[in-house]
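Going by the order they are written in, the chains are A, B, C, D, E and F; count residues from 1 in each one.
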Amino acid sequence: MRFVPTAPSKALLIVFTLLIAALLPAWAAAAEPLPVTLAPDGINLVNGQINSGDTAWMLTSSALVLMMTGPGLALFYGGLVRRKNVLATMMQSFILMAVISVLWAIIGYSLAFSPGNSFIGGFEFAFLRGVGAAPSIYAQTIPHTTWMIFQLMFAIITPALICGAYAERMKFSSMVIFSVLWLVLIYCPMAHMVWGLGGLFNSGIGLDLGSAVIGQLPALDFAGGTVVHISSGVSALVCALVLGHRRGYKTHPMPPHSVVLSVVGAALLWVGWFGFNGGSALSAGGLASSALIATHFAAAAGALGWIFIEWLKAGKPTVLGAISGAVAGLVVITPACGFTTPMYAILMGLIVGVVCFFSATSLKHLMGYDDSLDAFGVHGVGGTLGAILTGVFAVGAVNLPYYYQRHGLTKTGLLEGYGGTLVNQLLATGFTWVIAGVGSLILLLLIKAIMGLRVNEADEYSGLDLSQHGESGYNLEDAYSATYAESGATLIEEA
Amino acid sequence: MRFVPTAPSKALLIVFTLLIAALLPAWAAAAEPLPVTLAPDGINLVNGQINSGDTAWMLTSSALVLMMTGPGLALFYGGLVRRKNVLATMMQSFILMAVISVLWAIIGYSLAFSPGNSFIGGFEFAFLRGVGAAPSIYAQTIPHTTWMIFQLMFAIITPALICGAYAERMKFSSMVIFSVLWLVLIYCPMAHMVWGLGGLFNSGIGLDLGSAVIGQLPALDFAGGTVVHISSGVSALVCALVLGHRRGYKTHPMPPHSVVLSVVGAALLWVGWFGFNGGSALSAGGLASSALIATHFAAAAGALGWIFIEWLKAGKPTVLGAISGAVAGLVVITPACGFTTPMYAILMGLIVGVVCFFSATSLKHLMGYDDSLDAFGVHGVGGTLGAILTGVFAVGAVNLPYYYQRHGLTKTGLLEGYGGTLVNQLLATGFTWVIAGVGSLILLLLIKAIMGLRVNEADEYSGLDLSQHGESGYNLEDAYSATYAESGATLIEEA
Amino acid sequence: MRFVPTAPSKALLIVFTLLIAALLPAWAAAAEPLPVTLAPDGINLVNGQINSGDTAWMLTSSALVLMMTGPGLALFYGGLVRRKNVLATMMQSFILMAVISVLWAIIGYSLAFSPGNSFIGGFEFAFLRGVGAAPSIYAQTIPHTTWMIFQLMFAIITPALICGAYAERMKFSSMVIFSVLWLVLIYCPMAHMVWGLGGLFNSGIGLDLGSAVIGQLPALDFAGGTVVHISSGVSALVCALVLGHRRGYKTHPMPPHSVVLSVVGAALLWVGWFGFNGGSALSAGGLASSALIATHFAAAAGALGWIFIEWLKAGKPTVLGAISGAVAGLVVITPACGFTTPMYAILMGLIVGVVCFFSATSLKHLMGYDDSLDAFGVHGVGGTLGAILTGVFAVGAVNLPYYYQRHGLTKTGLLEGYGGTLVNQLLATGFTWVIAGVGSLILLLLIKAIMGLRVNEADEYSGLDLSQHGESGYNLEDAYSATYAESGATLIEEA
Amino acid sequence: MRMIEAVIQPHRLEAVKSALAKLGILGVTAIECKGFGRQMGHTERYRGAKMDVGFIPKIMLKICVKSADCPAAVAAIVENGRTGQVGDGKLFVSPVEQVVRIRTGETDDAAL
Amino acid sequence: MRMIEAVIQPHRLEAVKSALAKLGILGVTAIECKGFGRQMGHTERYRGAKMDVGFIPKIMLKICVKSADCPAAVAAIVENGRTGQVGDGKLFVSPVEQVVRIRTGETDDAAL
Amino acid sequence: MRMIEAVIQPHRLEAVKSALAKLGILGVTAIECKGFGRQMGHTERYRGAKMDVGFIPKIMLKICVKSADCPAAVAAIVENGRTGQVGDGKLFVSPVEQVVRIRTGETDDAAL
């Protein structure tokens, strides 16, 4: 499986290159960080007061976001693959819950959130040194540990989303190594830029922090539209391009083995997203509530948008369409949820439902890549749309980040008459595309050269469950179940 | 499939008519609303103080109640149908999460909770205008948006419960339209009457609101025994009667295709109900805790009651019986949970377990209707029993609604020696039966006349998954999974 | 099936006897309780102030812990058995949610937490008398009812864990009776000793309670390493020994019928454990957060430890291995989570992953017992390891129980240089082994003598679903689903 | 002896079985199978990927009968399996040389 | 050549297969099926609806053997498939005219 | 008439079916089965318990053809079923005495 760039992937590489060029000035500007005044110890607020209600909500939100990956995403993706790959696909989510967590403790959290420059944090919090019960500048009413674990849950689900692109064909070992490198080299910098102290795109969301945290290109990303969805979605596209399609793709049917599992997964994603977006308010009050309801309405509208256009175009509203639309709605609202109103959220949901219907059905086939479970089609496209529409539908009265306050701005969205946000959204989006796209490309080519990315033909044929893990998802044979006794399978030894 | 009323359904229609007659005086009284003194702006408490702990609990409760519908109810019902209808059944829950939400934002919430008369609210909150971060008179320590979204979750699950009655045979389009109309014309008025400002049955539960909110026929319904369970259960009965039975019913076995899914669904319903009932305290304190524990004990006792009688009568305690009994216990305690003690909750659970065993096994067959998944047998019967028993087992010391305080009453339940509550419970129950029964009958006949209710014979034969959505719940064939290559299914084109 | 002790089980009995002898002095010391000064009414703090944030978190935690048993454990165990036993296995978890709850209300809670001696509580709280909205000495900022229900969730899951040992062969009736007796005679005393007022091992965790609650042999068990995991794990071992192996064990393959279900269950266990361990802080603040993050990291490391050694030894990392390792990590950190740091948690997780890999694969086969789903191998071994390692890795700066404060100690762990904790941990562990081991042995032999423990050969052959409950987990036949009409199964009557 | 192999619609199974029982033929083995023939399959769509499922679920019955009973059995199956719709299936008769009842070792007609 | 079709109890599969292997017969095709016969089915109940499941899960083995090997193979199956309980199943032998090994195109006895 | 029973690799089903269709043979019944033969099974491991799964998923096709069509059909199956790997399966031809189309009652060649 050599990587021969096809025409569309060539086009994409060119786009990436152009984007890099266009963004160089911003990068240069970013190189001279603003002087900031920090809390005495940089991040921790030693005498900070912990609010038990806020903490309760944030601990709950952490649980909800963990539930999004396991079992949520594991089920959503697991149901969409063929029976022979169900366990391996669920394992991709599950193992990331393990690997990324340990990585986060060792170095990830520090790279994202300890003091650094505009692009990346430092090593101060490596091994979670200095991350204790006192609140931090990031979330001033909850323990620093709570903020750290909440952020970890985001770091887990982001690489897990990419799995959708390389499902049913990537080697387990390569997938783990790719995810680890991806987290350190792409996710941590992105998280730092958007939410970290002085990060390039930090706009000081909802916190009275002084100018310490604001970056040079402040953008609005309430809960991770760029960091989570664009970065994973674009990386997913690159994975699909570099890995190539599944054997038999386009010539043979590859129906989801159990949409039932996927519906369960989608519903859990929806519920968990309340923690993802609502928790991003970092407190339990009006802002959390506002973000949560926008999230809910966008999901609802996304489902309706998708099946509406599907009903029109294909004659029947599908269940897979409804759940895909809901996920698209959740994606699109992620950057905007804390900045916009419920009615705009409905509008954004309807739009993304229609757009992602096309990206997951037509665009993919047009371009010829095999984004197996539409990680790019939903998260990349939906995330990009969300980042941009945030600049359109943001409402200053809902939430005015510190950057706006400082500059005497009271409006945030284009519809209100302020266009500056949209410009920054576009820049931040382009930047994210470049970092995720180029970064992933380099990582993948590297890993491919060293250890290969795909399982071999025989292993793909027999399925990843068997070839990577030596297990089967289902053992429903009468021979096992109708009897306690002999069967077509022999027990040959115990390890 | 013409609707020829069978003998039992005729009897039911007569009962409805009689009930209407009996309730006319109450209706008349209700027609002259009491003079009420409202907060300056009617509902919103502009200077209200938000409590982060209460808000944390209510946001969590909203997530829990959403989880009850998806994946909870989707799994519970999905497991009970035959394999060919599993997706369509899960879709009914899922699409209501989408449709009802948008409807709620547009008009539903306003009809239920903006100021109006004793029967229905107005248009003040249409498009969620005026629903913001400030608390409302309904829940004075949490954002108005939080109350709105919590209430939405109830509005979602209620029509979803009805699905159990028309499962495996209703057209998707008709089902969506029925649910929309049902919400606007039956649910919103019911919610207004029970919990809305000045609603007919509002007794000012647990809030120091002045007389503003109290209605003429104050009844006790802590978390929706009438609004949610009687209204959905009775409507379910009407659906079963009007749609007629599934083809092959009674002559051919229709076993649940996967009780495994149903057990998972039931367990999630149980967990989610903590938010449903515990959240109905609208704060995180003694009352929420009291409601939550009553809920838990009733569920436990319901399961025991059902399998106990089943063990006696049929020789074996079934798993489906245990989970059905638990759900029945959750239903029966819903109106009572914030008014009674844990030991009474256990008693109520045991009673309902036994009663619903008979309603879901004997009554249904006796009367001859096909309430496919026992939506009436469990929610209608259990809800009615719960509303009545609330009047028996309520304890003033647990929670004394404003209505009682104002009238110097310190007792609420018959066992304590106060019979007034029971009388009002009976009236409210009868009223709800009439509204839900007559309303649903009219809606169904209307939709039937215009577009039909049932799928045609061939579509019912091949299953709703295929005929309504063009999908299969499970694609487990070796041909798909044992190979990446050719199979008995050909990919003929990509949309 | 007579119980003929095999060589290994004889060895275990001897170990038990020796342990009893060794512990007699401690028992004697325990017989003279310290003079304690109690709050005026013993337990309830009538004028206690309820904190809404703490209450929100504890109600949420209760929901999370309930979710661990149903659907969490039901799925985890249900997936591991053969298809013919899936419902019966899920039922074991579900029925315990019902039975134990009612038992807890009647007498269980009182025996565990009302005032008594060092070993067991009294009858003061029988029928939940005196358990109201006011806080208790156990958790001073939340309603007493909240503490009671939170503790109930622990009482439910503990006997449910034992099911893993007798899966696929125990009679439903015997299983219920065993669980009831086990709860009253083993769990309630254990809970009292570890967390009850003046309980033998109570060290006054995180509460400023005066000396009232401290026992004679104060040990560290934050969330139930001894009470929950050692007690259930050791009892599981005894079950496996007394019941004997499944028919066909060792000669015929008994693969899990659906590792898919088990992955979902394991993920829900992980998420729910946030409530289990985080909730054990009884408040929403730094301690809860600290316990929660330790929990998360240990789970992650446990999964990694297991698949690492598995990859080395057997050539492939399995999905079942990853989820088993995560559960082992959660088990090992349970006693330690509120006392140690995240990095130590990772270390403990790695260790337990490796150790439990051997106990669940080699030890079991070496000793020859059939611990079907490795309840002992994971909970017994992991719990024991956790209790011991808590004495090693505890850090005084994280959390200093009252016992230490009172004695002027500032360190708790061996690594910090204080060995006293480790000694007490060993004693508490040994004690728990004895109580659970001997107690379970007596109970099982008793029940065996009176009514038998196992289903008969034919019933085991046809499976517990059919023989105990008259149901099948899956009815996927075309005959049911491809048609509304005739099939190979005839409906012969309706009850 | 003859082996009758009948591919039928799943929902006719019960009727066919009853009819055979009336003839005293109680032993039947049923196998779930997928039929390709004149009857059209259906189409499924997953995220726009249209999939033409060519097969139809059928049940294949295998019934071994004494040669003398064969015509009656065939008639019973044809009559009760028929719905008149395309897809009712086919029936094949072939010779059997030897039959053994495994439990008793009885052979041929005695084993039926 | 002969085709032996044997309907057996699922739990005898392994024993039968081993016995055949001892005779040098390694090629076997197994099909899950549902048997109706003398052996009684069981009853399930879902919310009071009693359902009589008439069939029993069985496995049908198809083994093509050289005519000369047939008696030995039949004997091995009967012996090892037997538990003595009703429901042990039946065995049918019928003639085969041609056998082809698809991989090599070898035919008849050479293909077995 | 002849009954062709062909045990093939699941992924050759489509190719075989197309080839038969080209010969005008449209009626085919497919059954999922498990094959034991020269092709090795695989090993699974659950918590250290190694399990040797001896069988391989296969599809058995049953195709009833007019005697005259038989050689062509056999050739088509062999050719299109072949991958050259061990496990390609076998094909058995046996005589059929009678065929009935259940829908119409047509018999023998007319029913095919």
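Heads up, the rule we're going with is that a contact is a pair of C-beta atoms (placed from the backbone, for glycine too) under 8 Å apart; a residue touches a chain by one contact, two chains touch by 3 or more.
On a predicted model such as this, the values are computed, not experimentally measured, just so you know.
In terms of the stated touch criterion, the partners common to chain C and chain D are A, B, E, F, listed by label. With steps allowed only between chains in touch, the distance from chain C over to chain F comes to 1.
The greater number of contacting C-beta pairs, out of the two interfaces A-B and B-D, is seen for A-B. Looking at which positions face the partner, chain E and chain F present mostly different ones, since fewer than half of the interface numbers are shared. Separation between the centroids of chain A and chain C, computed from CA atoms only, is 35 Å. Separating the CA-averaged centres of chain A and chain D is a span of 53 Å. Between the CA-based centres of chain C and chain E the separation comes to 47 Å, rounded to the whole angstrom. Listed for chain C are residues 51-54, 56-57, 60, 252-256, 259, 284, 314, 316, 318, 320, 361-362, 365, 462, 470-472, 474, 482-491, 494-495, each touching two or more other chains. Among the residues of chain E, those in touch with two or more other chains are 14, 17, 30-32, 34, 36, 44-46, 48-49, 51, 54-55, 94-95.
If each chain is drawn as a node and touching chains are joined, the picture has every node linked to every other.
Chain D meets chain B in the complex at residues 14, 34, 36, 41-46, 48-55.
Of all residues in chain D, only 1, 3, 17, 26-31, 62, 64, 94-103, 105, 111 touch chain E in the complex they form. Note for the complex: chain F touches chain B at residues 9-15, 17, 30, 32, 57, 59. Residue ranges of chain B in contact with chain A, taken from their complex: 50-57, 59-60, 62-63, 66-67, 69-71, 74-75, 78, 86-88, 90-91, 94-95, 97-99, 101-102, 105, 127-128, 132-134, 142-143, 145-146, 148-149, 152, 172, 261, 284, 465, 468-476, 480-487, 489-491, 494-495. By the touch criterion stated above, chain B contacts chain E in their complex at residues 253-256, 259, 314, 316, 318, 320-321, 324, 357, 360-362, 365, 374.
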